[in-house]
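After this come two complexes, each holding subunit A, first together with subunit B and then together with subunit C.
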Partner chain A sequence: MKRRSTIGAGLAAAVLAASTSLAGAAEKDLVVGVSDALTGPAAVYGVPQARAVELAAEEVNAAGGIRLGEDTYKITVLSYDDKANPTEASNSVRKLIDRDGARFLLGFCCSGATGAVASFIQNEDAVMLVGNAAERSITTRGIDNLVRTRPPADYTGAAAGTFVASKGHKRVAVIGALETSFYAMYVDAFEREFVKGGGEIVTREAFGLKDRDMSPQLTKIRALEPDALLVVGYVEPAAFVYRQSVELGLDVPRYGFTSGSEEQFLRVASSEQMEGVWDLRPTELTLQSTGETGRAYHENFTARFGVQPSPSSPYAYDQLYALRDAILKAGTVEDAAAVAKALRELPVPKEAVMQYIPIDGRMFDGNGQAYTTNGAFQWQDGAWVFVQELPSVAEDYSRFLSSIDG
Partner chain B sequence: MLELVQQITNGVAIGSVYVLIALGLTTVFGILGIAHFAHGSVSMFGGYLVYVLVASQGVSLWLAIPVALIVGMGVGGLIEFLAYRPVRNANHINAFIIALGLTMMVEGINLQLFGADQVVIPTGFDRVFEIAGVTIPETRLYVILAATVLVIAMTAFVEGTKTGQAIRAVAQNRDAAILMGVNVRSIPLIVFAMSTMLGVAAGVMVGSLFAIAPGVGEAMVVKGFAVLILGGLGSIPGAIIGGLVLGVTEALAAGFLSSAYKDVIAFVVMIVVLLFRPQGLLGGAK
Partner chain C sequence: MTLTRKNGLLYLAILAGLIVLPSFISTKYYIHLSVLALIWVIVAQGQNLIQGFTGYVSIAQAGFMGIGAYGTALLGLNFGLPVWLTILSAPLITALFALVAGYPSLRVKGHYFAIVTLAFNMVIFIVLLNLTDLTNGEAGLMGIPKPGAGKDGAINFADRTTYYYFVLIAATGVTALTALIVNSRLGRVLVAIRQNETLVGAAGLAAWKYKLFAFVVSAMFAGFAGALYAHYQSFINPEIFTIAQSMDAVLAVILGGSGTITGPIIGAFAIVFLPEYLRFADSFRLVIYGLILILATIFMPRGIVGLASDALGLLKKRRAR
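Coming up: the complex of A and B.
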């Protein structure tokens, strides 16, 4: 009897110990917030970004989640539509932080909305990872808890200016969403390098983000007889510019800065109308320019959502893997400052789709800025084809960025 | 000179769309006294319908357009019967509020049925014609021609048919029209059907030339009312002239002044016209 009770007591102790151990290794929920343009003109960038975060979260969860000690964190993504509007974005982020308890904020496709959130995020117990928004000042404000995966617009614009000058063009007409500061910044940097190469900008014509009839501006440009056209803007208005330039018989080489997928352009313009157009942008996702991870991403995204990923969507996909690595390095999901610090010390995650240029071996420089190579892509027979890399020195630009105050 | 002619041609194409929108608005306003704000949203519904029929269902564009026009007539009749008829004899503010509510409702229905993405109606019209150095894309040419045909057809209907005479009689003096035996209950129904059909045609044009998206209908109706005021409230020739003037002014402003302020410049022109002719370009003096 005594023996039986001893065995029984031993079994009970073992069960208690096991259950205590199981309770310690609990599966926990990690809320990741996404604020992005899910409707409106900027949704062409925001929706693919939100989906990219969702895809990456599903992959991380399927691989067992994020293990910290005895805890395993499964990621839950909460996405809000900020319509690329500064007020909406501020409200979305407030809801994510105050109501949903999210410490990690991803997405952010568009500069105006992102700039508004960046203006107060430093005071929050949160980490902000910016995606496609390209306004330079986002990473010049010295915000410790903010990093960005996409390089600033002028980093790419300068490389584009050198490239177009190398093609022998002397008179370039610009048409674009020039009231949007990062597009204006791209054109300014383009012009600086283009003028160095002996060229001149003959006119700068603007259109609004919702404009779809650019024939008056293109008629004016046609009369100026430029030898090339530079188009900067969101995919949809840019596609209308390409279509209407052909319709008006503006037969000059066309360069652009848009980051749209084939599918997005073909909703507006025919492949014939797009033929020969160049897109001068960071070396984002195209099947020709990407590696194995990029091809897997393209395949998984297409299978999961039934549409192809946009070229810029991996900025958001890579955010989630950078966040995972930073959490693992910091060993906590509670201490946002530690995670923010760990982000700036990370190497590029092995799952990253974009081709980042590490600065001192790290994905993000001291400003919290990541850099990719820049590339020249050309529309050939219905698809963007990677033609060549553009000259871009990330270290120099990083130093330049550090020298800017605010 | 060539640039000027090209800009005018560009303006005539977009002006043709404004003409159709304004014609629908002016007939409803001139005959029934209703500021039908939902007209733009209903027009875009027609554009969306053609897009769905062509792009998703594989229906020929030439079949999809008449189907949408007929559906548009039905929707117009329903709007009059269900929304405006019950307040026909009430204070004007009631119809005004219904018009605002209807706008929100139709926008919401469009959003639910067709989504938030912009859509472009695939026409396959890729040819470009060149006449004496002026280029006219095929779609724009068809838009101008279609608008011309619709304007002529509407004028013939209003001026040359018994129903048209009845409509004009109701517009001039409703009580006298009743005494003359005109069935005034059916006139609003016919006017709304006709007006919405013109709006749907404009929606198809916008969707083919540019794109349809949430908010486009509201923007179009603002332009439509601007044309209405410019041309003269209730005046059919005024809507035609006003639409073309607005379209051409916008194109010239964007081409020769600043594209950033093309809307502002167009409205400045409207204000200047009204300073000298408060009744609008072709409105009757009171």
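Coming up: the complex of A and C.
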């Protein structure tokens, strides 16, 4: 009898403890803001990024949310269109912080809009995670509450220059959105390394982001008889260049820096017109080169949104997992500074799709910059095929980035 | 347009409303939008001077904003000049460019003048984009300082409410100056040019001097607004100063009420707040915004001020019966 009462008392205590615990536990809402180009020419990057954040949030919520002590946070994603415009980006981020109470801001595909937000984010009680925007100066200003998942354009451009020189080309013609600073930065770094390899850039022809007819520039390039063509720009205009280069009979190897998916290119050019084109970019999502997480991401994204993810979209997907880990490490969602600090001390999250190169074991270096490997991808029979890694020394570049003031 | 006692009371009421506005705003985001709207009041008052009072539609206000913004930013960042000095220099720098652009542009009239100014805006945009050694191109200029000595200064201009009052003072000054101009002999000549430029010439007045004056002053206002924008946002790039923004200035005047002092104030708030309030409509918001603007232009040719004045007139008539 005594034993039964002891067991009964024990059970009662356990039930009481559990109920007390349940009474104290609460499911709370964590607002995560996304500011990205959801309309306009840059939407080819912005929309997949916004969807990637949404997908990651759904996965985190389905796995039980973010547990901090007795509280469980379920993520709500609020996305606003910044049209890649600096004023619009400032407005949408101010709205997310001031009106919607978002402390964590993700997305940011485009450099101009991102630069505008980066200029005031240090004064805000918020953390900014930049995705696809590749302008170097975003992570050279020593902004403590900003990190970026995509490496700067010149980090990749230098590796691309070495690669093209190694192919034996001596005269390369460049055509691209050269008014856009990060494309110009890519080409500058490309040229530096290409010239070291004994080559020369015979011309730099520019097109606007909304241009669709590049035949005048390509006709001029054809007359210069280059060994190879380098195309840098958004997916659509780049696809038009590839298509029109074939139509004009410009029969030289074509290299590019675009980060577009097969689906995006095939809207403009045929697979035959794309055959043999190289894309020299960070080792972004490509089924042949990715691991298990990448394949799962591709499958889930396609099932959820009915379209394939763009290669650069995982920069935003990985942002959310890095944020989750940082919140868990900091043990708070209230203290943005603590979360920002934790972000810079994190290892690469196990769910990350991109192949990051940790610096001192951390995903982000002291500048808040993450690095991936760079890769050479080639269009073969209707798909991007990973051919080889490009030479990229993340530690050296990280030191170089730290040496830049502002 | 004469400054009557009734008008004076209306202006004072609007000013009083704008002074107390921040105390009714609990979300700082709306203070941010109000700061932008006040900056646009300055741009729109300048636009109104050349478009509303003189009858010449200029599509270069955003370009002039850009000159003022880059002028103040580059003087500050490259030469370490005090912010106050660079802000005050911005309209003067803009005036120089406007003088050079205005002299040939004003030889043509009507649509031709609009097209010439549009081209001038495009030239400014292309120069800002491609003169990368000076302007840093599309990447823009970051870290443009606020007036004062930052957070530790006597006045903290990083605080949005403080900046609101700072811009309110500037917008009030510009509006008062516009009212003074249009109520002077000079203003009457501008209105006469709008109504019959040939007659002004026949009266022995050199219309081109007055037109050039209106064009340069309108550009100075835009340059001043650009400087205030640059120091508020701490970031500028050429994307902010495109023809689309110049069209916003034209629309602010049409929507608010062309050739009135209160019209540009109302129009400026409308072009800033309307697209933001339509965000709920997602990608359709610009379609809805465009539709509102088309309907307003067709059915309210005298703008909101004209509509309000018609409504008041009707009320008075009914009372008189």
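The rule is simple: the second predicted complex is superposed on the first by the 384 of 406 C-alpha atoms of A that agree within 3 Å, B and C clash if a C-alpha of one lies under 4 Å from a C-alpha of the other, contacts with A are read in each partner's own complex, and residues count from 1 in each chain.
What we mean here is this: a contact is a pair of C-beta atoms (placed from the backbone, for glycine too) under 8 Å apart; a residue touches a chain by one contact, two chains touch by 3 or more.
A quick note: this is a predicted structure, and the numbers were derived from the prediction, not measured.
In the superposition on chain A, A:Asn85 contacts subunit C only, with no contact to subunit B.
Contacts of A:Glu135 after superposition: subunit C is touched, whereas subunit B is not reached. Residue contacts after overlaying the shared chain place A:Thr39 against subunit B and subunit C alike.
Judged by the touch definition given at the top, the superposed model places A:Asp98 against subunit C, while subunit B stays out of reach. When the two structures are aligned on the shared chain, A:Glu179 is found in touch with subunit B and with subunit C.
In the superposition on chain A, contact of A:Ala56 is made with neither subunit B nor subunit C. Once chain A of one complex is fitted onto chain A of the other, the partner contacts of A:Ala228 are absent, as it touches neither subunit B nor subunit C. When the two complexes are superposed on chain A, the residues of subunit A that touch both subunit B and subunit C are 38-39, 179. Residues 38-39, 80-81, 84-87, 90-91, 94-95, 97-99, 111-112, 115-116, 118-120, 123, 135, 137, 141, 179-182, 184, 406 of subunit A touch subunit C in their complex. Within the complex, the subunit B residues that touch subunit A are 2-3, 6-7, 10-11, 14, 116-120, 126, 128, 130, 135, 137, 140, 209-211, 213-215, 219, 250-256, 258-260, 262. If you check the complex, the residues on subunit A that touch subunit B are 38-41, 43, 179, 205-208, 210-217, 219-220, 222-223, 236, 240, 244, 246-249, 267-268, 270, 272-273. Here subunit C touches subunit A in the complex through residues 27-29, 32-33, 36, 129-130, 132, 136-140, 142-144, 158, 233-237, 239-240, 276, 279, 282-283, 286, going by the rule given at the top.
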